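The same subunit A turns up in both complexes below, where it pairs with subunit B and then with subunit C.
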Partner chain A sequence: MSRADTTASRQLLPVVPLAALFFAAFVLPLAALVLVSLFRDPQFTGLSLVQYVRFLSDPFSLKVLSDTLWLGAEVAFATLILAYPLALVYVASGQFMRTLITFLIMLPLLTSTVVRTFAWIVILGRDGIVNSAMLSLGFWQAPTRLLYTWEGMVLALTQIQLPLMALPVINSLLRLDGNLTRAAEGLGASRARIFITIILPLTLPGAIAGWLLVFAAGATAFITQTLVGGGRIILMPSYIYQQAVGVQDWPFAAALSLIFTLAVTGIVLAIGALSRRFMRGVDAA
Partner chain B sequence: MQRNLVDRVYSAVVGTITGFGMLLLLAPTLVVLVISFTGGITLKFPPPSWSLRWYVELLQSQEIMEPALTSLKIAAAATILSAVLGGAAALGLARSKLKIARALDALFMSPMVLPAMAFGLSLLLVFNLLGIRLSAATLVLGHTVICVPFVIRMVGASVQQLNPVLITCSLSLGASRWYTFRRITLPLIRRGIVASCFVAFLTSFDNVPVSLFLADARTEVLPIKLWAILEGSLDVRVAAVSGVIVLVTLAGLVCAELFGGVSRQIGNR
Partner chain C sequence: MELTLSDVRGHSLDLKGIGHAFGATVALDEIELAVAAGELIALLGPSGCGKTTMLQIIAGFLRPSKGEVRFDGARVEHIPANRRRIGMVFQNYALFPHLTVFENVAYGLRARKRPNAEVAAKVEQMLELAQMAQFARRLPGELSGGQQQRVALARALAIDPGLVLLDEPFSALDKNLRLDMQIEIKSLLKTFGVTSIIVTHDQEEALSMADRIVVLNKGRIEQIDSPDALYDRPASLFISSFIGHTNLLRGTVTETDRVLLEAGPEIDLGRSAQRRRGTPVTISVRPENIVFGAADRPGAIPVTIRATVPLGAVSVTEGLTTSGEAVKISQARAATTTQAQAGETAWLAITDTSRISIFSTPADGVQDHQQRSV
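Now for the complex of A and B:
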């Protein structure tokens, strides 16, 4: 080993403790997860792929997975629609408005998930804000069930994950060359046209980055899914929990975890790779 | 003339959605604070009367105060552990051009992409297979792993901004490595460390998926307790706990902001 090599390796010395921790508490557990998913039954009698076959041949399980991924996608699109106007206003505003928007975006990011979810229970509940407002304004005759519905869950998750979308979109809008929009404006393009033909394509990398973050976060949000969605909507996180803790079927729970992980990360990696491929030359966010 | 109209419609749409978005961001936090001062016994909004009764009730509920204390201890331990180990690793990785350094960096970031439920279950399985009894220590271990990515990113970003010439100067002027670290490196990356400790603490304090699988009967943490309460009944005491969490977090943010510009660090994440 040359001397340069030794110094280069010596620099990595402070990394060793964390690497050891990650081996014991991250790599090893994941290996155990794979191993357990290969057992035939909860008594660990023999190895087979039966858990995976069981998942793929069961319409209920497949529906749970597709519902979960669909939820993530829906929430991600909803945050996208909210994030762009917010980012456009942010970029066009002065210091005060910018600080205010930053504060509002940070606020949900810093309040605990259980608290945020609890807030939505108060808002959507039978005696909640929406119901009492609609009743007293005379729009509704009787309280409407909003809690424990799919739509309520999407709304709550949209608010909870909005910061993850707003931050990357604002960052890529800030990096956009102002001369481009000014030139288009000088040439007579309307603001809507400028947005569609210039701003949107050039900030797409930031939007896709945010979309992927929200998609993954929405699909895996166990707390909000169980408390706002309620017990009747079964999604992958609660399915895993139910199989592992309720039924104590560890091999199937492990297989569910791996399938879910692969599905989410697979979609994230595939969309990420596609977007890089089609947007070469656009400033990567 | 027509362009004017189109522009006005566009501005109206952007303005309306922005207004709605800002309201949406603010409303839940506000709602929690308001409902926590209700004098009623349900989550009826607006509250029929005002009082501090739920805060008083909270102080007297051993079953909530104890998990809260446990959560604080676990979060403190996980923060210290992830800051020390993660900070050291970030320093080592930042300057290295070795391939293995890039691989390790990817490894340390991966808890962020792994669904937390899968990680929680995998920890439960490994501790069971190895015959390790669940305890507060195993919980801290799990929390540390999910806090590390924030430390690696934020401290790493601070190290990248550090001018290496300063360190060379200090060393060539005869300062020891330890002295250089203490007087040059540490003060210059302080912002990143403070910000990542803040985020790590919140991450651990807020974590449910890992605690759900790892908490044994004696170490009950606050988010799990609150989740269980909310699943069973809609208890107003949760509003008081939430109010306390929101106010303490805001106070913490102000402190962290004074020490190291946390909001900028998180914004740059």
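Now for the complex of A and C:
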């Protein structure tokens, strides 16, 4: 072995623990998943693609997948709509307000998902804060079901995932040259026009990064989906859990997992590629 | 020029008693300035002198704490920047990086919801004038600094502004390109007849561009004058050293028209020093107003030569007086007959004593005033 090779392998040495972990915790389980998904039945007799055929020919399963992806998209759009006003306020604020806003944004990240989700159950439940308030104020005559609804789930996920959207959007907005908005203003543009023609296109890389993070996180949020959605709404994560743990159909659960993973990854990659193509002249975030 | 230019002329601008403070820090005070329509004015001063604050007040990005801003006699303090019909050219050009050159120039017209045909015609005309027509489809990132600046100016002029404000417009350009662009942009602004205000800390830029220069220091106007008048008759010690190079020599008034220099000789001013006998004064003599002379000439200043620097058209020699003051002598190189050697003693004579400026020596010393000119 030449001297140069020894140096190169020395330089790679620090990566070894991470690579080993990655291999053991990611590559191996994924390979196992692929293998399990190829068995014909839960008794692991013989290999075939029957699990995939089963999924693709079953309207119920396809509906669960599309609902799940749609949930991710809805939550991502909801956080996007909330993130921009928040980011604009942040950028316009002084140091104290910025610290406060950062703290409030980060707060959800500092508490466990389970805790945050149970907080939403307390808020949305039949005897929860919203129902009690609306009843005692006389707006509602009877308790309204908020928990275990699609809207309740979107609401809870939106709050929980907001940091993933707000942080990249704020970061893009901070990097935007203030002279650009000043130039647009000097040229006679209204605030709305400045936002649509200058701020939005130039902060799009951050918004898309945030959108993809929230989309992936929202679609796969097993705990929140299960607890706030209850058993009434079947989505991919709980479907997989049910097939694996409940029905003990491991091959089908493995196929579901792989299809779900591919669908989310495919959408993330496709949107990423599209956005790069259409954002000529805009720095990638 | 075969292109028909719009007949819109610039606004006249009046600033009356403008003052502005950021918290306890006074950025501007007692600013009085009257700019005629079509005039090209430079706001010149060191960083922190308040010139950017003044520009932002004129543009409408900042509301002054006190005083009046008038365009054509009408007060505008309450009018926001996007309704003031002002063309801004920023230091970094602030071109919209995601829009083509064409769309950058069209931006102000689209904001005014002009019909597409009119937008296209106007943009083409502006790009033609700025010699950027062939780059219409490019993005700003694909242009050189000088080209970006042309686009920035075309964008500012496309809205037929009453006033064009240029914030340090040449500082991002190569030194070699700067003078060319200054001449080009000055002629474009003059062609348009638009009132223009250029903010700069670079005195050469102010001298080459402006009809009149407003010198700002510590938030106040020190002098408003033509470039030549500013150079020949500076109103203060600060200006004499801020505009161009100068030699400051300490002395004392001995007779009405005579000053005894610490460097040795007594100088006959040929006019009254306007100060009492015994007053400590500092005289300002430009390097080109000094020549090498004979030892027996009246008023000859002995110096020890330090170095000679050839600067192309001129050569500059620096000497040190017996009082420890540095003196620069600038000679046309063709006229340089004898090359003074470092370490030698030479005698200097002031060519034209009427072009000497006299100032009372400030209590805090001359040194402080010289340093700020750097």
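The definition used in the following text is that the second predicted complex is superposed on the first by the 280 of 285 C-alpha atoms of A that agree within 3 Å, B and C clash if a C-alpha of one lies under 4 Å from a C-alpha of the other, contacts with A are read in each partner's own complex, and residues count from 1 in each chain.
The rule is short, and it goes like this: a contact is a pair of C-beta atoms (placed from the backbone, for glycine too) under 8 Å apart; a residue touches a chain by one contact, two chains touch by 3 or more.
The shown structure was predicted, so the numbers you read here are calculated from the model rather than taken from an experiment.
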Exercise. Of the two partner chains, subunit B (first) and subunit C (second), which one does A:Pro143 touch, if any: first, second, both, or neither?
Worked result: neither
For this session: With the two complexes superposed on chain A, say which partner A:Ser112 touches: subunit B (first), subunit C (second), both, or neither.
Result: first
Exercise. Once the shared chain is lined up, is A:Gly272 touching subunit B (first), subunit C (second), both, or neither of them?
Worked result: neither
For this session: Pick one for A:Leu202: touches subunit B only (first), subunit C only (second), both, or neither.
Result: second
For this session: Using the superposition on chain A described above, determine whether A:Ser190 touches subunit B (first), subunit C (second), both, or neither.
Result: both
For this session: With the two complexes superposed on chain A, say which partner A:Ala254 touches: subunit B (first), subunit C (second), both, or neither.
Result: first
Exercise. For A:Pro85, is the partner it touches subunit B (first), subunit C (second), both, or none of the two (neither)?
Worked result: first
Exercise. Which partner reaches more residues of subunit A, subunit B or subunit C?
Worked result: B
Exercise. Which of the two partners, first being subunit B and second being subunit C, lies in contact with A:Pro42: first, second, both, or neither?
Worked result: neither
Seminar exercise, completed: Dual-contact residues of subunit A (subunit B, subunit C) 188, 190, 193
Seminar exercise, completed: Residue positions on subunit B within touch of subunit A in the complex are 3, 6-7, 9-11, 13-15, 17-18, 20-22, 24-29, 31-32, 35, 42-46, 85-86, 88-89, 91-93, 95-98, 100-101, 104, 107-108, 110-111, 113-119, 121-126, 129, 141-142, 144-145, 148, 202, 205-206, 208-209, 212-213, 223, 226-227, 230-231, 234, 238-239, 242, 245-246, 249-250, 253, 263, 266-267, 269
Exercise. In their shared complex, at which residues does subunit C touch subunit A?
Worked result: 59, 61, 80-88, 90-92, 94, 96-99, 107-108, 111-112, 139-141, 155-156, 159
For this session: Over in the complex, which subunit A residues touch subunit B? Could you list them?
Result: 8-9, 11-15, 17-19, 21-22, 24-30, 32-33, 36, 81-83, 85-86, 88-89, 100-102, 104-123, 125, 127-129, 132, 158-159, 162-163, 167, 171, 188, 190-193, 195, 216, 219-220, 222-223, 226-227, 236-237, 240-241, 244-245, 250, 253-254, 257-258, 260-261, 264-265, 268
Exercise. Across the complex, what residues on subunit A touch subunit C?
Worked result: 177, 179-180, 182-190, 193, 197-198, 201-202, 279-283
